[in-house]
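Chain nomenclature is as follows: A, B, C and D, assigned in order of appearance, with residue numbering initiated at 1 for each chain independently.
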């Protein structure tokens, strides 16, 4: 089980041979996008089913703990008093505090249990809208300044909204050409090797998941976006999915993109689509 | 109240949930802390400072639950249970700068089943000593602590 | 201090998280100066005037110490007291309702 | 257990092998020129989204060394940055064309 060792030169040859047969046909009008995407979802989820036959599909929302019993028992012990609990309380307080103009987050999001409405592709604006982006847009629409995207108050509000949305099904639609292009952009990001280490998301979270990479078992790529924001022991704080993306990219010695950049929003879109059929269970706690 | 009352009050704000009331300082004499044992910098000294020269025997009447590989050295969850008539239970991490981590003094109505989260600076033996019948009973386990990597 | 206590099979099962930095005295701040040790040294619980839990802690217990234990007696609806003190003499005490 | 160091060096090595000869070497003869070339190359890698993590700090270090009068060290640092940026650009071009071939089965 060591496909990552494939020499790039070799892959390059293979690539040239089959490239013409497999090049994306994504830009054509009138294609059955939901069917194309469903094929990808099925293939992607089957990869993990084959790799971890003992793991229930629904359990992938628990990340690496779905495949590592020793780590799981430590995590379960930590969840006795989840380290994000205080942040959720603070997020609730922020959520309920009125803005200067008298409205509040509830004006935009009702009771806040809207996690499963994000991310989605906004046809008018031709871009993916994430929950964190929507939170800040709610603020600016009400005359408040934007919050930082990686941690702090925005992560807390997002954590609260995720908490009250726990159990909502992940079911992201990709129904238009624009949506499909954003999806394909995220897909390309996920499978492209980058950085000085020449590693893709898929190298760690598909090929190497379940194996040790130095001291760590990379989590399965399936279910990764279900449990953010996440409180990491390493951060000693709550962080958003895009903060984690930035950390991952730096680990492979690639320059990270900004949180809520088109690259990371499209990656979140693709990854969430891949987890269709699971449920949102954020906020999470991780090492 | 004295100065600690003020510090105490600042902490009250941080306490949430589950609490029905905050009461006055208890009628407790805080004078039991084994400073010399907690200050010891090697395992043998720490044990002697804590327990004198009681005989030590390995025992399988102590159940120690600890990870084989710690997720993070800053938070290593451990649980200890024993059927011995324990007077105290102490946790030592051999390679920590101060090996004695914590010590439970068993009270008449207290069950001998405890959990705690400790720090481990490096891969090390975790040693649990149970004091019972004027002797020390021991169980131990290695816990690997890794650094670096990308964090799952 | 967060405490969850529930009566179960004649015992009260207690899980508690004590908000405390647990500074080891070995860490350095941004200027390279040692941050003085600041850690909880003792934790205890009292029920009906009787001590039912006592633990001595060193600085190698994790930040925001988590402790779980159980004691005999005590019924749902009753209360007991959880208290801690640290090496600077700061302390906190809380009355907890058993569920 | 996968040894990632072996893995990484094999990957980086194979990347370098794959790319050697594809890009022309820098023609700079002094540190100032080398820094300028590294900046151009790194900008090109960044424009397609493939800038590496440390390249910009090598360039910054090179500038600092140059300002301190350490011409040789500045040249070395800028050269390292240039080589990194060159590989990053080639990596990006390669991936943009061929990423579909890297989907694990």
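Criterion: a residue touches a chain if its C-beta (ideal position, glycine included) is under 8 Å from a C-beta of that chain, and two chains touch if they have at least 3 such contacts.
Treat the numbers as computed from the prediction; the structure is a model and nothing was measured.
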Dominant interface by contact count, named by its two chains: B-C
Distance between chain centroids, defined by C-alpha means - subunit A, subunit B (Å): 38
Subunit A-subunit D separation of Cα centroids, rounded to whole Å: 29
Whole-Å gap separating subunit C and subunit D, where each centre is the average of the chain's CA atoms: 53
Rounded Å distance between subunit A and subunit C, as computed from the means of their C-alpha atoms: 37
For subunit A, residues that touch 2 or more chains besides their own: 213-214
Where subunit B touches two or more other chains, by residue: 16-17, 74-77, 79, 115, 117
Complete list of chain pairs which touch one another: A-B, A-C, A-D, B-C
Parts of subunit A lying in touch with subunit B, wherever the complex brings them together: 63-64, 70-71, 73-75, 77-78, 86, 89, 204, 213-219, 232-234, 247-248, 251, 286-287
Subunit A-touching residues of subunit B, taken from the complex the two chains share: 16-17, 67-72, 74-77, 79, 115, 117, 146-152
Contact footprint of subunit A on subunit D as seen in their complex: 1-2, 4-5, 7-8, 10-12, 14-15, 17-18, 46, 49-56, 84, 87-88, 91-92, 94-105
Subunit B contact footprint on subunit C (complex, rising order): 1-4, 11, 15, 19, 24, 26, 41-42, 44, 46-47, 50-63, 65-73, 79, 81, 83, 85, 89-97
Residue ranges of subunit A touching subunit D (in the complex, touch as defined): 2-5, 7-9, 11-12, 14-15, 18-19, 22-24, 47, 188, 191-200, 202, 206-208, 211-214, 249-250, 253-257, 263
